[in-house]
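Look for subunit A in each of the two complexes below; its partner is subunit B in the first and subunit C in the second.
Then we have the complex of A and B:
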C-alpha cells in the first residue's frame, strides 16, 4: 500500500513536470512580443527594451528556463506580466470559483447519470429510450449544450441570468451543462455495475433468504456502483479544476479557464504556465485521491496492478 | 449475466458469420454516408463566402429566415447558411477522418513498442503517455494553437498531439495481456525477430480493438474541432467550420437563434453517426464493450 502510494505520487510528479516543461517550451516559442502586449502604444524602442530587461526576456532561453524552474521548485509560480501580481495570487481565487462549478457539475452528473442508469436497469421497457438520450448527450459538445441552455432558459424564458459572473443564480446553467454532458458516463457505470450485481451469486442468495427488493438494492447492489463511480468522480474533478474552459467562456464564469484564455490573448506567459501546471496537478491529484478512496471502500482494488 | 453470457455470445458469433449488422451499425453507417456525400458535394450547395449585405439581409439588417432562395436563411453577413453548413460539414468530416487515422496510428505504434520492448523503452514511452494523459486538454490545445496559423492543418496537428495517448494506453494494456500467451512466446522461441513477432502476431490482435475505438475517437475529434474553432483556436472565419458558425451565431442569439441551432444539430448528427457505428461494433464484439469514449 505504502509502496503503491509512493510510486503513484512519483509518477504523478514526473507527469506534472513533463507537462510544465512542454508548456514552457511551447509558450516561449509562441510568436509575439510580450513587451508589445504590455505597452501596446509605446513608441520608443528603449521603453520596450526596458520592459524586456525587467522581465528577463533579453536573456537566453536556457537561462530563462533555469530561472523559471528554480523558482517553481521553491513553490513560486512567478509574477504576471500584465497584472503586476504574483501568479499564485491571481490563480487562487479563480481556482476557488472553478472549484464551486466543478463541485456543482459533479453533483449534477451524479444525480442525472444515476437517475438514467437506475431507470434503464429497473425498467427494461424504457432502456432503448435511455440509450438514445445517453448517445445524444455524448454526441453534444459542452459549449453547444451550454449555448442551447442559455438560449432557452436565459434568452427565451428569462429564468436564468445571461450576463455572466459567479453567484448562486449564475452557477445553475453551467453546472447543468456539465451535468448533462457528463451524465451518460455515470449512467453507463451504474447500469453496468447493477447488471453485474443483479446476476451475481450473492444477490441470488439474498433473494433466497427472503430479503426485500429494496434492501437488496440498497445493501448489495448499489454499494458496488460506488467503486467505479469514485474513479469517474476523481477524473472529472481533476479535469474540471484544470479549467472548464468552454463552459466558462460560454457563461462568462470567472474561473481558471477564463483566466487562461485571457492570459493567452495577452501573451501573459507566467499566468498561462501557472494555469497549465495547476491544471496538471489537479488532474494527477484527483485521480490519485479517487484511487485511494476506492482502495479504502473496495478491498478488491487493493492489489497492485500488474 | 454469467448464466446467459455463453448463449448470447454463441448467437452473436452466428450473427457475425451470417454478416448480420446490428441496427445501430446500419443507422450510423447510413448517416455517416450522407455526411460524407455532403462533404464531397459541398460546392453544389452554393458559395459559403459570398457576402450579400443588401439582398441577403432584411431591410433592418437582420439575417433572413428560410426561403426558396436561401433554404436555411442567411447569416449576419448575408451569406447563405446552407452553403456554410455544407462546407462546415466538409471541414468536420475531413478533420474526423484524417486526425482519427493519425492519432490512432501514433498511439498504436507507441503502445505496441512500449508493450513489446520491455525495459527503458517501455518506461520512457509510458511516462510520455502519462504526460499526454495528464495534459489539460483545452488549455494545451490553446497553447499549441498559438504556435501555428489557423486552418485544417492546425486542427489536425492539435487533435493528433492530444488524442494519441489514449489509444496508446489501450494498445499497451492489450499487448501486456497477450505477451505471455503461447503464440507470442512460441514465436519468440522459434527465433523470430522482435519486429516480426510484433507485426505477425501482436499487431493483428490489436485490429478489433482499434476498429471499435476509432469511431469513438472520430466522434471526439468532431467535437474537439468544433470546440477549437468556437474558441478561435481552430479554423478561423471566413472559412466555414461548424464551431466558428456557432461562435458567429452566438452574437445573434437573441434575434436569430437558427444561426446557432443549425450548426449545432449538424455537429450532433455527425457525432451521433460515429457513436452509433461504435455502439454497433461493440454489440458485435462484447469483449470490447469496455472500450469507452475519451473526450468531451
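Then we have the complex of A and C:
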C-alpha cells in the first residue's frame, strides 16, 4: 500500500516534469518576441534590447532552460513578463476560481449522468430515449452547448447573468455546460455497471437472503457501480482544473483557462508555463486521489501489483 | 428456532415439486418435473448440461427472474412460496430455503467482507445490532468448520480460497436454519480434496440440522458419496428416481443405464479401451417443445414405435422406484442384496435404508 503510493507519486512527478519540459520547448517554437508584446509601441531597438536583457531573453536557450528549471525545483514559478508580479500569486486566485467551476461541473455530471444511467437501467421502456439523449450530448461540442445555454437562459429568459465573472449566479451555466457534455460518459458507466451488478450472482444471493430491493440497491449494487465512476471523477477533476478553456472563454469565467489564453496571446511565457505545470499537477493529484478512494471502496483494487 | 421457522409445517417434506414447468420466452427448460426431498435426505439431481437441473433448482428457490414463466406447485416444508405476498416471501425465504451457488466467487459480493455478508442476515431478519450480528456471523463460520472464523470474517471474497468461499456460502445458506438446502453443483469448481471436505461438511450439516438437501451435480462419484436418493433429469423432465443403491445397481431407465455405464467403464476400463458413450446428444430445449414421443427415443437402444408416439409418464416400476419409460427394466425384488457401487458405506447406511447390508 505505502509502496504503491510512493511509486505512484514518483511516477506522477516524472509526468509533471515531462510536461514542463515539453511546454518549455513548445514556447520557443511559438513565433513572436515577448519584448515586442510587452512594449508594442516601443520605437527604438535599444528599448526592446533592454527588455530582452532584463528578462534574460538574450541568453542561449540552454541557459534559460537551466535557469527556469533550477528555480522551479526551488518551488519558484518565476515572474510574469507583463504583470510584474509572481506567477504563483497570479495563478493562486485563478486556481481557486477554476476549482469551484470544476467541482460544480463534476457534481453536475454525476447528477445528470447518474440520473440518466439509473433511469435507463430501472425503466427499460425509456432506454432508447436515454440513448438518444446521450448520443446527442456526446455529439455536441462544449462551446455549442455553452452558447446555446447562454442564449436561452441568459439573453432570452434573463435567468442567468451574461456579463461574465465568478460568483454563485455566474457559476450555474458553465457548470451546467460541463455537466451536460460530461453526463453521457457517466450515464454509460452507471448503466453498464448497474446492468452487470443486477444480473450478477451476488445480487441473486442477496435476493435469496430475503433482502429488500432497496436494501440490495443500496448495499450491494451501488458500491460496485461507484468504483469505476470514481476513476472518471478523478480524471475529470484533474482535467477541469488544468483549465476548461472553452467554457471559461464562452462564459467569461476568470479561471486558470482564461489566464492561460491571455498569457499565450501576450507571450507571457512564465505564466503559460505556470498554468501548464499547475494543470499537470492537478491531473496527477486527482487521478491518484481517485485511485486511493477506489481502493477504499473496492477491496479488489487494494492488492499490490505483482 | 423462530416464529418464521415454526410457521413451516414440521411434518411436511422439505421440498415437494409437482408438475413444474419453466419457460424462458419460447424455450421450455423444465417440462412438468415432479420430485420430493424428505427432511434429512440428500437427493441428488443429475443430468447432462441443459437438462433443466439448474432451472428446476432456481425455480424451487423462487430465484428465477420475473421474465421466466413458472407453473406447477412448489412446497417447501408445506409452504407454497408462490402463495406468499412479496413482503412475506422476503421475510421468510432465508428461513425456508438456503441456496448454495456453484461459483461462490461470483455469488459473494466482492466489496463486502465475508462476515458482513453473513451478519447481514441477522441484522435484517433478527434485527440484531451490528456487534451482535458480527459475533453471530463468526459463530456461523466456525459452524462450517473454518479454523480462524474471526479472521475469515474480515476477509473479502477474493482473499479466500475456493473451498473457504464455498464454506462462507454454505454458512450463509444454513444461517437461518432452513428446512431445505438447494446446492447447484457446489463442488464442481473445486479441487478433489477440497471437494471431499465440502461433501463431508454437507453430510455433517444434514445430520446436525435435519434439513433436506437437493444437490445438483453431474458427478456420479459425488452422488455415491453423498446422496440417499437420485433423480435423473433428461430434456426438462425427471426420467428416473429411486434410492441411490438400487438405482446404481439396477437402473430402470435406459438413459440412467447409459450414464452409469460411462462411469463403470472409467473404473473398470483397461488402458487404450474406448469409453462407453451414449450415442447422439440431448435435444435442445426448443426441439422438445410441443413434440410427441419420448425425447430420449432417438438415442435409445430400446426404442420401439410406442416411444415415438407417446411420451412415457413417470410411474412406479418397483417399490420406491420411478421411471418414465415404456420399456423400463424391472429391478430384482431385493434391491439391497448387492454391494454398493462405491464400495464404501454411504451416508444412507446411517439412515437405515440399507437394511440388508
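What we mean here is this: the second predicted complex is superposed on the first by the 303 of 306 C-alpha atoms of A that agree within 3 Å, B and C clash if a C-alpha of one lies under 4 Å from a C-alpha of the other, contacts with A are read in each partner's own complex, and residues count from 1 in each chain.
Going forward, a contact is a pair of C-beta atoms (placed from the backbone, for glycine too) under 8 Å apart; a residue touches a chain by one contact, two chains touch by 3 or more.
Since the structure is predicted, the reported quantities are computational estimates derived from the model, not experimental observations.
Novice: Put subunit B and subunit C onto subunit A via the superposition and say whether they clash or fit.
Specialist: fit
Novice: Tell me which partner A:147 touches in the superposition: subunit B (first), subunit C (second), both or neither.
Specialist: First partner only.
Novice: Classify the contacts of A:296 with the two partner chains as first (subunit B alone), second (subunit C alone), both, or neither.
Specialist: Touch status of A:296: no partner.
Novice: Between subunit B and subunit C, whom does A:279 touch in the aligned arrangement: first, second, both, or neither?
Specialist: first
Novice: What angle, rounded to a multiple of 10°, is defined by the Cα centres of subunit B, subunit A and subunit C, with the middle one as vertex?
Specialist: One gets 80 degrees for this angle.
Novice: In the superposed arrangement, which partner chain does A:123 touch: subunit B (first), subunit C (second), both, or neither?
Specialist: neither
Novice: Of the partners subunit B and subunit C, which touch A:155 in the superposed model: first, second, both, neither?
Specialist: first
Novice: For the three-chain arrangement built by superposition, which of subunit B and subunit C touches the greater number of subunit A residues?
Specialist: Between subunit B and subunit C, B touches the greater number of residues in subunit A.
Novice: Contacts for A:242 in the overlay, against subunit B (first) and subunit C (second): which applies, first, second, both or neither?
Specialist: A:242: touches subunit B, not subunit C.
Novice: Pick one for A:26: touches subunit B only (first), subunit C only (second), both, or neither.
Specialist: first
Novice: Under the stated touch criterion, which partner chain does A:261 make contact with: subunit B (first), subunit C (second), both, or neither?
Specialist: In the superposition, A:261 contacts subunit B only.
Novice: After superposing the two complexes, find the smallest distance in angstrom between C-alpha atoms of subunit B and C-alpha atoms of subunit C.
Specialist: Minimum over all C-alpha pairs: 10 Å.
Novice: Share the list of subunit A residues that count as touching for subunit B in one structure and for subunit C in the other.
Specialist: Dual-contact residues (subunit A): none.
Novice: Please output the residues of subunit A touching subunit B within their complex, sorted ascending.
Specialist: Touching subunit B from subunit A are residues 11-12, 14-16, 18-19, 22-23, 26-27, 29-32, 135-136, 138-144, 147-148, 150-151, 155, 181-182, 185, 188, 195-196, 198-199, 239, 242-243, 245-246, 249, 257, 260-261, 264, 272, 275-276, 279-280, 282-284, 306.
Novice: Can you list the subunit A residues touching subunit C in their complex?
Specialist: Touch residues, subunit A against subunit C: 200-202, 204-212, 215, 219-220, 223-224, 227, 297-300.
Novice: Which of the residues in subunit C end up touching subunit A in this complex?
Specialist: Counting only subunit C, the residues touching subunit A are 61, 63, 89-94, 97-99, 101, 103, 106-112, 120-121, 124-125, 156, 158-159, 169, 172.
Novice: Of all residues in subunit B, which touch subunit A in the complex?
Specialist: My answer: residues 1-4, 127-128, 130-131, 133-140, 142-144, 146-147, 176, 219, 223, 226-227, 230-231, 246, 250, 253-254, 257, 260-261, 264, 267-268, 271-272, 275-276, 279, 292-293, 296.
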